[in-house]
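Structures follow.
Shared chain: chain A. Partners: chain B in the first complex, chain C in the second.
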Partner chain A sequence: MKQLLRFFLKRSTWSIPYAIFLVGFVVLPLILIFLYAFQDAEGNFTLANFSKFISSPEAANTFVYSIGIAIVTTVLCILLGYPAAYILSNSELCRSKVMVVLFILPMWINILVRTLATVALFDFLRLPLGEGALIFGMVYNFLPFMIYPIYNVMQKMDHSYIEAAQDLGANPMTVFRKVVVPLSMPGVMSGVMMVFMPTISTFAISELLTMNNIKLFGTTIQENINNGMWNYGAALSLIMLVIIFATELFSDGDGDRASNEGGII
Partner chain B sequence: MKDSNFIIELSHISKSFGDKQVLDDVSLFVKKGEFVTILGPSGCGKTTLLRILAGFGTADEGEIRIDGKDITSVPPHERPVNTVFQRYALFPHLNVYDNIAFGLKLKKVKDDEIELRVRKALKMVGMTDYEWRDVNSLSGGQQQRVAIARAIVNRPQVLLLDEPLAALDLKMRKDMQMELKDMHKTLGITFVYVTHDQEEALTLSDTIVVMSEGKVQQIGTPTDIYNEPANSFVADFIGESNILNGTMVEDRVVSFMGREWECVDEGFGENAPVDVVIRPEDIYIMAKTDSGMLEGTVQSCIFKGVHYEMTVTTPDGYEIMIQDYNAFEVGQQVSMIIKPSDIHVMHKERTCNTFEATMIDSTHVEFLSTQFVCNEQAGITGGEKVEVEVNFDRIELMDNKEDGMLVGDVRFILYKGDHYHLTVRTFDGDNIYVDTHDVWDDRDIVGVKIMPDDIRIKRV
Partner chain C sequence: MKKFFAQAYLWFLLAMLYAPILIIAIFSFTEAKVLGNWTGFSTKLYTSLFSGGVHHSLLSAIENTLIIAIVAAALSTILGSIAAVGIHNLYGRKKAVINTLNNIPMLNPDIITGISLFLLFVSLGITQGYATVILAHITFCTPYVVLCVMPRLQQMNPNIYEAALDLGATPWQALRKVIIPEIKPGMISGFILAFTLSIDDFAVTIFTIGTEGLETLSTYIYADARKGGLTPELRPLSTIIFVTVLILLIVINVRSQRAAKRKEATR
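Here is the complex of A and B:
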């Protein structure tokens, strides 16, 4: 009885449910994706799924196109989000927290609802759905994920760095270029990860905002799996995972700082 | 004042943050090549003054000139000064070399000259071979050295230092003090140094500016400030001291601790109330003899490394602090001698509290935004402006602030041998001066009570 009690009071005991959950819903599926990707429908080892991807122009094109859309979205998010974060974090320009909340507010609403509303808005304004609408929708949906980490880093930035730069002879423009921008890079890296990765794999937004005319990589995976092509779908997922993992490694140079100071992740 | 040899001229600088006045008509003139220290307790406005000099804050009133040029409204990046910040403020995204070269690169100095000057600056602060180190990997002392190098490499006319050694440990601080002094000699540029550490100020400076409550209390050489403090605040803040109430009987004769003493001060007038300051190391203590000037009993004796610090009580109940190389046992009867030149006499800033007041009716008077009952005043009508005087020792302080007529907090405590002299600040920012035998702590919130008999009303 006493031993049982001690078992339940140990802190490590409390982690068991989480461990079970993680194994069941994260590790196991990943292993399954990996196994399925290297098997044919009968369960024999094969590399056919990958050669199919490389040889079929359609899937490869979708893949390249998706990455292109993700890059465009991310760049637009930086261009729009960086000034916004700068203004929000500057107490002289923005005195109340209301602005911050207003920027973050869209995140409280379900992404599908927001996207459906965007479709309705485009219909109402008689704007065509398609590539433009897709990028608009993506930027609209992911912009808060770019603003928030940058805002966080900028807000915590020690004001004495700015004063030190002024003191050494930097005018306001130079202070921004040589101190504020480099010091806020960890926030930008966090923002890039939070925008770039989900935009590669998104499919609901593209389906709704292009009337299913433009296929993104996420859509391709979803279609294959829906049509019972489990092995091919798994291979495509694996390729996408590798790409995402690579971006993470690529940004790891600043990644140490990004994870320390970068706000929400 | 074009032909003056002052490099910095601060005239009548005032600054308020909201209701709080941080600088009150501060004027300061600094000679070229001088090492000036602005010394004061935290919150005295010294950092604000330095920031105004650097350009990070603007003065509400007053004028700043550097080298004869009016720079009152010149932005910080165009001022011929450089600052060493309290917490270094080294750019974390740049290495040591790029931190130091930052200012030179902005001035478009040629690359090979930058390299030469950076190396020279690094050598000066004893950090040769650290060029390519990440600043985050340096210790506090090393970061401070880089911060100093980053400032001096620009060859400013004036170097501002904002408590640069405050974050270092004692040993390191002592070493850096010496190095700063050497650096000042070698570079020949003007240093303006801000600190709350009086010992540091005495060690480093050519001139010390003592500040309190936004006002300059005294400007002088370290010796002057130490030996001839201008008022009881300076005497208390710089070094240890015994501060006592006294009366200047006539020129060269002052009376305190129940007897008359020969001194060297003149010109106070006859029977003028004064503050007397005696440094603890200036009192000669010996076993009881007939030739002593004062007798007493040792109350405590603490070894302080170089000397012993003793408290001695006199038969009249005064408690004085004495530092001597010889120890005397607790309870021992001792005699003391004080040389005339070691008795420092200062004007009293005030001998009682004076408030501007308004009569409400013949038995009520309003001052300090509070209504007080007073004795019946014949012939004074309601609404008339009057002056109220209250003696220091007639003001009662209460633990429980509800018991008082108004509330304030204790700001400055001065031990005067047999009682404490407190400054109590009301929430409206007025000062009430109180003599008390009770022990209060700094920032204690107290209730203040004044009885009708103790309120003296004077027509203006």
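Here is the complex of A and C:
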């Protein structure tokens, strides 16, 4: 009895409920995706789900197209967001902290409300919905997620490096290329993670922005799950997981996303 | 000159980011069913948003969203805080494993979290509804709570807890009087973060909400937009959400800046 009490009082014991929770709601569900992906509707082992994906031009095309859209969005976000983050973190160019808040604010508004607003803007300007609206909407939705991590890294950057480079005779262009850019790379990498990953996996946004004309990979997965094709849907999810895992390896993702978001409050 | 261009660029980006929401806000003050038609100033949409009646389903969707967010945020704050204390006192491989597991929900895209939980619930034969949505939200909120509480525990002097025990406090008293006050700021920011994450969520919710007619704000907007015509009442609602978030964030930031200044002044 006393031993039992001591076991419960030991503070490391307190991680056990959460450990059980994680196994039940994180590990087990992911294993289920894996199991479903390699089974047919009767539960027999099969690779048919994957061969169906490779042989059906529609799904494979959507897949390639989605990666394309995600890359375009990510590149546009870097091009637009990097200068903004640079200006925001530079005290000579921008003094107001309210400006930073204004750039971060959209992150806190429901993504569907933001998408709805984009649709409203295109309606208002009498512009057609379609590929242009899709890319605009994606950039509009995810730009803050690119600016914030880069801004964060740049703000913590040690300015004596920049001064040292200047003292050693580097011109502003060289300082920027050889000092600022390399030092801000971790921010860009976590920005890429935070933009690329959601753009490749969104589903509702593309439907709303293109009046259902353009389908992204996320939509294909959702439709299959909704129509009861769980095994095929699971296989497609597994393919998406592989892509994301590859991106994570590429950008050396270490869960920075969380600390970035947590830092806002 | 350089500063002028820099400022101009920032304002250009802000204009792009805020144009859509501004248009919604402006057209929330007119009655026209179709956005873009100005039929004179009116606050009718605001009153009809809250009067219920025809748009009862929208109101109940807002209510569901808030209930789910409060319950999920409260439960994940409790679960996450207890877990953080536990993880903080773990060492070696156990700690590494649980930290890795804790990262998975944050790194996984929402759609994968949603589908994996959907498969879990259907293979266990659980009917989806309120409970499953809340469980799903706890799953992706708790890791953030753990991450908010953890730094507070690391900053804490471990001897204080031991000292309390040596001075005759029961472990329960030591927890209440020593550990909880120390980690409280982390718990509060964890709760706020969990709350906003839950309100914002769409992808996980739609896979775990079931087919019994339960709607949250996100799924309501989605279903509404798919039908073609957007409910005009969504305009005042978006405006209210936007203004609330704006005020909240500015207040929080001004307060934290003031606190930082005060800290510097006392130094």
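By definition in this document, the second predicted complex is superposed on the first by the 242 of 265 C-alpha atoms of A that agree within 3 Å, B and C clash if a C-alpha of one lies under 4 Å from a C-alpha of the other, contacts with A are read in each partner's own complex, and residues count from 1 in each chain.
Keep in mind that, in the parts below, contacts are C-beta pairs under 8 Å (C-beta built on N, C-alpha and C of every residue); 3 or more make two chains touch, one makes a residue touch a chain.
These numbers come from a predicted model, not from an experiment.
Asks: Would you mind checking whether chain B and chain C clash or fit side by side on chain A after the superposition?
Replies: Fit - chain B and chain C, as placed by superposing on chain A, sit side by side.
Asks: Just to be sure I read the superposition right, which of the two partners does A:158 touch: chain B = first, chain C = second, or both, or neither?
Replies: After superposition on chain A, A:158 lies in contact with chain B alone.
Asks: Kindly classify A:183 by the partners it touches after superposition: chain B alone (first), chain C alone (second), both, or neither?
Replies: first
Asks: Pick one for A:71: touches chain B only (first), chain C only (second), both, or neither.
Replies: Neither partner.
Asks: With both complexes superposed on chain A, which partner does A:117 reach: first (chain B), second (chain C), both or neither?
Replies: second
Asks: With the two complexes superposed on chain A, say which partner A:167 touches: chain B (first), chain C (second), both, or neither.
Replies: So A:167 only meets chain B here.
Asks: Looking at A:41 after the superposition, I want to know if it touches chain B, chain C, both of them or none. Which is it: first, second, both, neither?
Replies: It touches nothing on chain B or chain C.
Asks: See if chain A has more residues touched by chain B or by chain C, and give me that chain.
Replies: Counting residues of chain A touched by each partner, the higher count goes to C.
Asks: Smallest separation in Å between any Cα of chain B and any Cα of chain C in the superposed model?
Replies: 13
Asks: Quick check on the output: what are the common chain A residues between the chain B footprint and the chain C footprint?
Replies: Chain A residues touching both partners: none found.
Asks: In the complex of these two chains, what residues of chain A are touching chain B?
Replies: That would be residues 158, 160-161, 163-171, 174, 178-179, 182-183, 185 of chain A.
Asks: Across the complex, what residues on chain A touch chain C?
Replies: Going through chain A, the ones touching chain C are 9-19, 21-23, 25-30, 32-33, 36, 80, 83-84, 87-88, 90, 92-94, 97-99, 101-106, 108-114, 116-121, 123-124, 126, 140, 143-144, 197-198, 200-204, 207-208, 218, 221-222, 225, 230, 233-234, 237, 240-241, 244, 248, 253, 255, 257-259, 261-262, 265.
Asks: Can you check the complex and tell me which residues of chain B touch chain A?
Replies: Touch residues, chain B against chain A: 54-56, 75-78, 81-83, 85, 87, 89-93, 102-103, 106-107, 150-151, 154.
Asks: In the complex formed with chain A, which residues of chain C make contact?
Replies: Listed in rising order, the residues of chain C that touch chain A are 2-3, 6-7, 9-10, 13-14, 16-17, 19-21, 23-24, 27, 35-36, 79-80, 82-83, 85-90, 94, 98, 101-113, 115-120, 122-123, 135-136, 138-139, 142-144, 146-148, 171, 189, 192-193, 196, 199-200, 202-203, 206-207, 217-218, 221-222, 225-226, 230, 234, 238, 241-242, 245-246, 249-250, 252-253, 257.
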